[in-house]
Amino acid sequence: MRSVLRLLEGDQTIGRGLPFWGLMSLLFAGALAFGVTAGSFAVENCSYFLVWVFMALGLAFMWGLGGTMSFGQTAFFGIGGYCYAILSTNWGVESGLTMAAALLSLAAVALSAAVLGYFVFFGGINGVLVSITTLAVTLGLETFLSQTAGPKWAIGRAELGGFNGISSMPPLTVPWHGDNVEITGRSLYFGLIIFVAITYLALRILANSKVGDAMVAVRESPLRAEALGYDVKAILFVGFVVGSVLAGLSGLLYAGWGQYISPDTMGLSAAALPIIWVAVSGKDLTATMVGTVVLLGLSQALAIYGSQYALVSLALILVVSIMGCPKGVFETLLRRIDSIGGPGDQNSKPVRKSSLDRSEVLL
Amino acid sequence: MTLLRARQLTKRFGGHAAVDRLDLSIEAGEIRCLIGPNGAGKSTALALLAGSLSPSAGAIYFDGSEISNVAAHDRAKRGISIKFQLPSVFPELSVRQNLKIALSRRYLGSELDDRIDETLDLVELSDQRGKLARVLSHGQKQWLEFGLAISLKPRLLLLDEPTAGMTPEETERTGELVLRLNRSGVTVVAVEHDMQFVRQIARTVSVLHLGTVFSEGRLNDVLANEDVKKIYFGEAPRHG
Amino acid sequence: MTQVELIALAYQFGLAVAFLILSAAGLAVIFGMMGIVNMAHGELIMIGAYGTSIANRHGLPLVLAALCGVLASTATGVLLERTVIRRFYDRPSESLVMTWAIGLFISQAALIVFGPSLPSISSPLGSVAFGGFSLSIYGLLLIAFGLAVPVAIYLLLSTTTFGLHARATMQNVEVARAIGINSGSVYSATFALGAGLAGLAGALYAPTMSAVPNMGGSFIVQAFVTVVTGGGNLVYGTLPAAAGLGLVQTALTAVFGNLVGVLGLLAAVIVSAKLFPNGLAHRLSGKRFS
Amino acid sequence: MKYLRATAVCSALLVGFPLLAAAESPIKIGLLEDQTGILAQGGLPKVHGAELAVAEINAAGGVLGRPLELVVYDAQSDNQRYQEFARRLTQSDKVDVLMGGLTSASRVAVQPIAERTKTLYFYNNEYEGGTCDSNMAITGVVPEQYLALIPWMLKNVGKKVYIIAADYNFGQILGLWVRKLVKENGGTLVGEEYIPLSVSQFGQTISNIQAAKPDFVFTAMVGSNQVAYFQQASAAGLKIPMASPINGTLLYEHKQLPRPVMANMYLGVNYMEELKTDENKGFVERWRAKYPNEPYINQPGEDSYVGVKLYAEAVRAAGSAERTAVIKAIETKDICTESPEGKICFDKSTHHVSHRIHIVKVEADHSVTTVQDLGIVQPSWLGTMGCDLTKKAESKQFTPEEPKH
């Protein structure tokens, strides 16, 4: 257990020591306090932002660590959302099976990500072609689902609804004393906060574990990684599936949050968004988690107060921030905070001298 | 005991055979240098042995079993390690992280830290541990890659021009490092142009020409061979 | 199938291929030579179309108006390269996000300045009828341009000093610099060329489409898939990729309708990514430009 | 202090009588339309239409002594924004009624939120029909109204029909309607194509139409990509008459495209700026006075104007802006308004609205002439499907059946 907790800090994640974890605890406590004190609309609105964080974290994981820039996050977002919509509509809220629907949706996402990932990585597709292949998949799904209007496109009781999508499916529920309690409003918010925190910590551990080492090795030099005994294809595959499943999680949570999912969540403009969030925030997990929420809030605020200048201003802000912080706004900020605690311990270890022939020790 | 054997190994690119029916046999504990003019197929042969290229025909045996179709990463696990011609390190990571990624396959926790420090000392990069690999000098990159290649405790180390771009002094120290590794039980196959270096480390050399072994033996004997001289001047007779 | 139907089908095929080539040419030049995926490509096409449309409305004949469109997009390209793009040559993923933001800025600025749409211009040259069918003559012109553009770029790169410098820079920047080639100005010129080609696509298609701020969106997917399928070489990559994808799309659309045509195009991209993991150009020429 | 008071008095004098109504708290209308993004061309006039209606109603003293207040958000042609802002309007701004949405997808995005927050939702737009929902009022035209065009075409233009439509809900459902009407009226369908919204090149479609030789082409092309069809068809020399409920009214293609691309287009419409009725004349003058730069007063603009007016009448009849009272008024009282079309009224059982339908023709010079005035047409189809909201509150979506062969 202790060795696992040690992995919360490491080379593959920014942030260590008391200042950082103090700050993160404050953030967490602040988020909880906000959920208690803020008005119900503000809380629900924040839930909406949190829904997207999983997809962004998934991309930060596979792109930041493993170097795979997938345009397909939205494809798995859509698969997750549609599966949840279809299953929960068929079973109905009274069955109490919405959680089962959510889990099965995740399984479906994992399966489809595994199939696509197998085709891509074991089929020898790499680099920019991975991006284009995943883009083609998400656009194909969007085009297909857009034309599924009418009763002939139905799975059980759920009509796919074409461009209009599926709406009015049940929200997530938990069975409670023979009743099904809806997870909406504040309970959804607290659930999301805790779930984001767990996902974040789990990804940190994974990033600093051997899996993370392997992914970084593959990103930096596939040739060298292979020569060190890393199975490059398998590692890319694993990173892709983990990231895609998180996108699917966002999708089903989105469907549960708004009781609505439509094909345009898989379109070209939607597909670019996760990449924007991660690139502008920084590909570090902490930077992406914080940055995604901030960027979503910013673009919403602009939409409300910016009138016709909203999107122009958003574009300008993006351009300026990438020019100013090419490594990502929040990643740059985090590195600043990190450097307050002095140089990293990995560099401060005294160099030991030994009279032994080191090659004998080593080999 | 024969550690590595290549039989009729062939690699074609389009119509051109870069390696052509190559036969090679390396004893355990040996240091073998592959020499020959540019385009003789030396690097291709090494890549075939390491598994980063797959052969068009022929077979490779390692430690008694055929590995012709074993993936590169599995060969690495069986104990074949390679140092490439162009230094292949993890450029955006620190020197220490480079080694950590290599060593974390075997070690954990404080032992991992110890092994990293030892390897840093061994390749004389302790002072550079915090630097990004891409800012190292060429020679330092070469040594870092050495560190990566030996971190797996290989039984066979393949070196592709390990001293390219090094000063004479660096070359000499590299030779000492190779000899030390060899003393600790590592078999070495090196492709090299620097005859001083070859003389320093190798007992046996194989001359490659047109993708196959042209001549084999002690360095001085081989270099004295008139036909070998000719191929270095580009007028070699085709062998039968 | 009658002869008339065959001609009609061949015409459709030509139109589809020309559309893919002209959409992709500017993107291919920039991607092939600089490794930058220019997400503002669609907006540069829109600028070409807007320039043409506005100049035409102010009384310029179509040919001159189209020239204005190309100039407008080239000028925008130069401006972008000077101020922003040149800082991102060695950072492909940041440049992708950056150009995406620039594209968003351009299309929204066009909405604010010009309103939700511009009056369209009419297709010149009329139509020709044969055996119950009739074809737009302007379509034939588009097909001709679709073939002429790669050839012209090929000649530019193989016969001019700029072409020589560009190829040298692309193959090895350090060596090119060492022998005195100003790689910065080669990159600037390449980006301007790519932007100009995007503008040309906009200018050529302006008389066949409605001019709206987001019109680039109807080119960008096709451009993207053609370039990536083909790799960054217009002659060995984009041209055969466009022919292959165009054939798949035309055949599927003719037999199964537009939906299957669109899905088939996307499926062809995935299949070709698997068959040619380094792009068609790599397979066909062994190198990227020659 | 003195200065401040003087200003207050002055402004009160300037604004005059209507300000007295402001003594009461305003009735808040939450309006969600696409002012930026790909649907802006359709959405911007809808904001203007609502603003004009609100200004006119307030100038006349408001509703029940209370002024109307618009709270407008730009949905940016993004269905997710519809969801965000529908929540904001209902929960944070606490509006009395939600209005807006151009596409059916945006309606479907808003619907569950309106339902859960118990807010009445006015969808002011032409659409494919079929929504039977107690919590909604749908004020735009529906197929049984605008597709009166099809029997007219079959009678006056020819019997052979080719359908091309956008491959999504609106286009597909209109396709079903047209197929049914063609069959019932003795026509023949010689071809039909449904085209994904992303397609902008129509060579194959044009060639298919030429091969099929229809008497007229029914078009339900949607979005700026698909507008290109008309230019490309015209350039290819296709001169077959066309019929459409939408190509001309939403993106005003006859104003956008060069002459004579849209010649021989027949439209079934409740509104076009060119309609030469007395009611419309004043409307266009008032609109143009307020928005002199409006490129065209499109049908959604008028729909939005009428939607606000109908809501005001419903509140008046209910004597309150409270949701259940307004719904009850719609279902029990005769709620009508004077509109640019003439006098139109709510249908009690389905919450839809009667409209005056014209068959118009676009000439070679792109002027518009009325070829027939069909008068007021009732929204009757939902009733025949068994939707009666006065008897049973529900939220259902009906789709026409596939016609039997």
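Order of writing sets the labels: A, B, C and D. Residues in every chain begin at 1.
The criterion applied here is as follows: contacts are C-beta pairs under 8 Å (C-beta built on N, C-alpha and C of every residue); 3 or more make two chains touch, one makes a residue touch a chain.
Model, not experiment: these values are computed from the prediction.
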Seminar exercise, completed: When A-B and A-C are ranked by contacting C-beta pairs, first place goes to A-B
Seminar exercise, completed: Greatest Cα-centre separation from chain D belongs to chain B
Problem set entry | Cα-centroid distance, chain B relative to chain D, in whole angstrom | 75
Exercise. Between chain B and chain C, what's the gap in Å when you average each chain's C-alpha atoms?
Worked result: 46
Problem set entry | Centroid distance [mean C-alpha coordinates] between chain B and chain A, Å | 42
Exercise. From the C-alpha centre of chain A to that of chain C, how far is it in Å?
Worked result: 33
Problem set entry | Residues of chain C whose C-beta touches two or more other chains | 108, 111, 217, 221, 259, 262
Seminar exercise, completed: Within chain B, the set of residues that touch 2 or more other chains is none
Exercise. By residue number and range, which residues of chain D touch two or more other chains?
Worked result: 36-37, 167, 194, 196, 198
For this session: Let me know each pair of chains that touch one another.
Result: A-B, A-C, A-D, C-D
Problem set entry | chain C to chain D touching residues, read off their complex | 5, 8-9, 11-12, 15-16, 19, 108, 111, 115-117, 119-123, 126-129, 132-136, 138-139, 207-210, 212-215, 217-219, 221, 250, 253-254, 257-259, 261-262
For this session: Enumerate the contact residues on chain D facing chain A in the complex.
Result: 35-37, 73-74, 76, 78-81, 83-85, 87-88, 91-92, 103-105, 107-109, 111-113, 115-116, 167-169, 172-173, 176, 194, 196-198, 395, 399, 402
Exercise. Inside the complex, what are the residues of chain A that reach chain C?
Worked result: 63, 69, 119, 123-126, 128-129, 132-133, 135-137, 139-140, 143-144, 147, 268, 272, 275-276, 279-280, 308-309, 311-312, 314-316, 318-319, 322-323, 326
Problem set entry | Complex interface listing, chain C residues touching chain A | 37, 39, 84, 87-88, 91, 93-94, 96-98, 100-102, 104-105, 108-109, 111-112, 217, 220-221, 224-225, 228-229, 259, 262-263, 266-267, 269-270, 273-274, 277, 279
Seminar exercise, completed: chain A residues touching chain B in their complex are 3, 6, 11, 210, 213-214, 216-217, 220-221, 223-232, 343-344, 346-347, 349, 351-354, 357-363
